[in-house]
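Scroll down for the structure; my scribbles are underneath it.
Naming follows writing order (A, B, C and D), and every chain is counted from residue 1.
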Amino acid sequence: MTESTEFITGATPAAPRFGFLLPLGLALLPVMAALVAAGLVLLVLGSDPIEYYSYVVQRGLLRWRGLQATVVNMVPLLILGGALIVSFRSGLWNLGIDGQYLLGTLTAGATAPLLAGAFPSIVALPLAMLAGAVAGALWALPPALLRARAGINEVISGLMMSLIAASLTAAAIKLWLKDPASLEPQTLTLPVEDRLPLLAGTDINIGIFIALGLVIAAHTLMMRSATGLRFRILGLNPAAATHAGLGVPKLTLSVLCLSGALGGLAGAVELTGVLGKMQASWHPGYGFAVVPLVFLARMNGWAVIVFVFAFSVLQIGSASAATRLGVPQDFTLVLVGFLLLFLALSEYAGERLRAKKV
Amino acid sequence: MTAAPSPVVSLREVTKRFPGVIANDRVSLDFFPGEVHALLGENGAGKSTLISMLAGVQRPDEGEIAVDGAAVAIASPRHALSLGIGTVYQHRMLVPTLTVAENLMLGAPWWRRPALGGVRARFREAAAAFGVSVDPDARVENLSLGEQQQVEIIRALWRGGRLLVLDEPTAMLSPKGVEELGAMMGRMKALGIGIVFITHHLTEALDFGDRVSVLRGGRSVGGIAPETLTALPRADAMAEVVRLMFGTGLASAEAAEGGAHVPRALPNTKMLEVVGLSGRSPRSGSSFEDVSFHVRKGEIFGIAGVDGNGQTPLAEALAGQIAATGSVVLDGRELGPANVALRYQLGLRYATDDRNGEGMVGKLPISTNMVLKEIGAAPFWRRGIERRAAIDAHASALFAAHDVRAPGIHTPVGRLSGGNIQKVLLARELSGSPKVIVYSKPTHGLDLRNIEATRRRIRETAEAGVATVLISTDLGEVLALSDRIGVMVRGRLVGIVENGPEARLEVGRLMAGITEREAA
Amino acid sequence: MPPIFNEPFLAALLTGAIISALPLILAGLGEQMSERAGVMNIGLEGMMMAGALAGFAATLAGLGVWGGMLAGGLVGAAVSVIMVLFCVRQGMNQIIVGIAITLGATGVTSLMHNAWYSRTYPRLDAAEKIALPGLSQIPVLGPGLFTHHPATWAGLFVALVFAFVYRQTFLGLNLASAGEKPDALDAAGIDVTRTRSVAVMVAGAMAGLGGAYMAVIGSGIFVPHMTGGAGYIAIVLAMLARDRPLWVVGGALLFGFCLSATTALQVGGIEVPTDFIQMLPFLAVMAVLVLFGRNARLPRALGQPYHRGQR
Amino acid sequence: DTIAIVTPEQGTDFGWNQQGIEGLEAAAEATGTEAIIAQGLGYGNVRPTLRELAEDGAQLIIAHASGYSTEAIEVAKEMGVHMVTGNPSEPPLVANYNLTAEKGAYLAGVLAAKMTKTKVLGIVVSSESPNWNAQSAGFAQGVRAVSPEIELRYAIIGPAAYADVAGARRVTESVIASNADIIFGQGNGSSFGMIQAVETVTPPSGEKVWFIDVIGDKTSIDKGHLLSSVIWDMAPVFTQMVEDVRADVFGTTTYALALEDGSQRLLQTDHIPAEIWAELEAVKAQIMAGEITVDLVLEPAATRAMMSTTVAAAE
């Protein structure tokens, strides 16, 4: 069990509740830099950066419709952020997160429509979410067991389980769960009126509150609770965990399964809130979008919220900006790439500053 | 041995700061060829920092280092080596996954092929001369810390060079090992090599050192020049050094010798009884066999033996960290299968010797490390939620009581000096109401003042009725504290001796393996 | 079995398996070295995309297959310089930078394709193969296994070279030390930063070669996102193989053969859902993990920046 | 007025996306409406884009991927905008366009059957999506109509291998090695990998290999192997839709590619001998006259069955 874990647990002596203010301050400069760099690319493409960016802000943030889309877009990312906070702070690198998300979505997609037929939504949806969470936890179990029992690195097994999940969910839908009424291989659809209730007069469903609640919960769990401390010690020094009698295998199992459950829940909430059905081709790969955000946030739940919001604005805004200005959608990748790079730079500078202060 | 006129290396007004501490404050020292320069100072005095600048690991913030009188900015360990400055660090510097031989050769040009053959032979000789048997093809991670240190010393001696820096090289050596090291330093001297020798044992310093310098709070507070040292009667020299290190009268000189043992009358209630215990450490592979002994209420049972003879696994088994066969009865209750948490609750404590490896979580603050073994328990947690106030209060109290030297209770433990980490560890294990405490090398790496304080604490807690198992490679310590002494050789408890005037001789004979299995 | 399983068909299947395995081998070997030295290179996928475009462009420009491979390697290495500067030298978070590289490179190559090729879709001529005398005459297996472009043999040869380096040179020891206990390596007088930089750039070059191979020899054309996650599979192979280059080769070939098996079954008219067959290689890896998993321990200092003298 | 289309990939694939976009632009031209193109949106959740387009005043939106159907229908009802999907029509807002070219594919099958020398034909697809299935089945029927002996090799590159050129080339080369000398290839980006194979290898017996493409016209980038293509011209369909919206009869008829208006047709290249082309024209007439019926098969299993059973029959 002697593995490098510090780069994922990070040095975090009880991070102050608003410790994310510094990274935030340090975020503005790099954002500027990234925008300029990507702007040059836009110029090469022959379109006007200013126009593009103003579109992004317009459509992703300022316009009411866009803002709603942004908020809805945040839901799964936030819950996955919570899942990763739990696992990363424990020095366990749950890269199977995408697989757990898929299993959660699939399970919710398979159960929700039926449950909604049998019970009122108030009962049906929580049940479906529970099912999703359980599915996610179960999918996290093999890597967890391998890690806990034989010390087998969870990164490899996690990635494998994700790739398997992609094929398995597709096969399951095509072979057993397909909605006969639809040509496209997808599960039965949860009727719009049975989905998570919307905030009056908006496209925003209450999933956002569930998501926010979960991130904060995950953060508090890790930073203020006894269980969280046990998890963190596991991450920072497994030998010490053994020495202090924390039962490393049990901890490992609980961390990965908890993380997996959240992963599955993310899928269930998005399905019952927005998607309504799961398609065989559905693998959005949120995991790799969230992982860097969680690192940038230094695994601080509050900061994760901020970064996820900014990221969503960008996703929604740039989708329409590209449409309007005939810029290929893949330009967004370039923009995000630059942002991550420069943000990482400032995060690093911030760490330097912090180190000086201690 | 006449000290050559001009120094090999000199430090001029060197200052080094770290967040919250000035580790070295305008230190000036000269190191001469063919001379053993003993560098003394309490924990956190700045010894390791000073030599880390010689080794090119740290750069001075101010001041300069001169080699052969010419100022050089030592840019890297490589640079230091090329200048002929070799170092054995306080913390182990071997690659755990490589074999001993590979570690010994590390540093050669990258395109070459390692010629293991020759090294093996050479190493075997050197090791033999050192009185240890380490397999050159063994993976370093399977060696005990003691063995690892011996390998590093041999490596440094091989490299030779012009200045040899040894940071607490004797910390884990057996008495014989220490003698050997002394002899070797003698040979090096003869070759005109300068040696910097850091230790917490004044006796060693005075035995091997030609010149003594003392650091206090990062400052160089003087020392004793060779001529004076040779002239001065030992006792006076000792007193002088103690005065330099701690200011006047704080610590008595014979504390260095560990103080004398006073026989005590003890109640006859067996607090800890171990019968036919055997086990092996999955980490290190070293094991112990069929160990039986008991410890009465308030008794101190010493376990003497050279490092690497299975003491650590024994301690780990007692603490419930590793599985073992046989029986362990605590206060009349059979403890059964390994279970650290339960044993801790029942009042069995284990102060490990591997403070960085398992004893502490380096990146967490001192305050948290103080309650590492009570996570979730009141008053520090309520309904699973931590109560910082309670934790900090608890920490501050211990912090003061154990005289920990650090910027504050929120400093990450990893930043502390070796000795101060040890203090935090002891503070944690002694707090609460223990029934049995197992110490493993409790004072190793501590300075005189702390050794004295720690030993006093061990005595006091024992007198308060705590049954104590004291595992130590420092025979003086065992003799000074124990009521009875068991001796471990190759994983077996080869004998148990009542402490007394005859004990030292008897223990020595047992360790040398003269009498076989006449366990009391 | 159906008559269609004639020799040419089997040969094509084997050829296909090897050709689809090679990019994984090249990139995987690179990642393996980088991880051995303690640097987690998540940017592999991006470096492969960059190499693919560069290799394709160069060959298209008339530099030939070797010219293309060279270009791919160089560009891959160039991209990895970002990793060197930010992660190895500055000690920035390797995961973020890696993902940034992958996103950026994927995006840029897509844009370039859009600008240069999306109207004409230029295609390369087949890379000429050479048949290994003797071996390629072996019935059934021979033609498929031993008739390839020399670059294929070169790729496999690299694996042997790496194996030699790890076992037989100080470079091997240095790399391992940089990943296990960098301060010990530093204390022994070897520059950790330089050692890691070399490893990362080799990884970049190898990933670039892998991408170039895929574009120049594998497909003969470039389209956006064409590596389709090969980079991540290569990372898994590298982690799985730890310090054994030949395991990377074995793992990659396993993937290749599973892919060809799919085609064989379909063309043979045997009905198997593609999704299930897609899973086979991954299930196989899980099996390997369960059996030999204990070897999958990662270097202690993997992902940890090294700052001399820090406590 | 404004009409819009939402496509999963960039409209530069000489295929599904490009034809859709060009079709919409043509329709806008013909009906004097403004066109908004939202391309390359991937296969994820497109609700935000659909809503935005509706808000920007598009009265008619074509959700140009079978995966978009559910979202599209929901947004149509939510925002009262006309939406076109692959799902069954629900007038007045939702209309179905079934872009299946089984008839064109049938003709392609006839063409292939008449041209093949090795009597082995290959069908390579990038996925098992309904419109691919329809064409594969149509092709098979066309082949059978000419000769029961000809063998069919049916291979899927991967579940959703739309961009997997390397895989496409590998699979196609294998199929050719199994003696096929004409490849009927379906798969947006990956088609280029198939073409690459067709251009670079030959079956064991050394015949020249032909490629029959679908949806778009790749003549401009042909290197002499493009035998034909089942063209999907969506302009007529889209134009019809706009007019129906104006006439308030939107979705009362299903919108389909038809041989009649040439929206579904076989591309004539100069590689096709005149006499064979004449025969094809005759077959086309029979189909339109209803003398020949081409079954519409959409299910993967059913499609595969048509291949395997026939392979068995051929042995």
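We take it that contacts are C-beta pairs under 8 Å (C-beta built on N, C-alpha and C of every residue); 3 or more make two chains touch, one makes a residue touch a chain.
What you are looking at is a predicted structure, and each value in this text was computed from that prediction instead of being measured.
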- Which neighbours do subunit B and subunit C have in common? A
- Note on the structure: Leading the contact tally is the pair A-C
- Centre-to-centre distance between subunit B and subunit A (centres being mean Cα positions), rounded to whole Å: 46
- Item | Centre distance in Å when subunit A and subunit D are each reduced to the mean of their C-alpha atoms | 36
- How many Å are there between the centre of subunit B and the centre of subunit D, using C-alpha atoms for each centre? 77
- Message: At least two partner chains per residue is the criterion; list those residues in subunit C.
- Response: 114, 224, 275, 278, 300
- Task: Provide the list of subunit A residues touching at least two other chains, using ranges where the numbers run on.
- Result: 6, 167, 170, 174, 280, 328, 330
- Tell me, which residues of subunit D touch at least two other chains? 10, 159
- Query: What are all the touching pairs of chains?
  - Reply: A-B, A-C, A-D, B-C, C-D
- Query: What residues of subunit C sit close enough to touch subunit B in their complex?
  - Reply: 168-171, 173-174, 176-177, 180-181, 183-191, 300, 308-309, 311
- Query: Contact residues on subunit B for subunit C in the complex?
  - Reply: 52, 55, 57-58, 76-78, 81-82, 87, 89, 93-98, 102-103, 105-114, 362, 414-415
- Residues on subunit C engaged by subunit D in the complex (per definition of touch): 2-4, 6, 8-9, 11-13, 15-16, 19-20, 114, 118-121, 123-126, 214, 218-226, 228, 259-260, 262-264, 266-267, 269-271, 274-275, 278
- Note on the structure: Touching subunit A in the complex, subunit C uses residues 38, 40, 82, 86, 90-97, 99-108, 110-111, 114-115, 224, 232-233, 235-236, 239-240, 273, 275-276, 278-279, 282-283, 285-286, 289-290, 293-294, 296-305
- What part of subunit B is in contact with subunit A in the complex they form? 19-20, 319-321, 339-344, 350, 352, 354, 357-365, 368, 372-373, 375-376, 381, 384-386, 388, 410-412
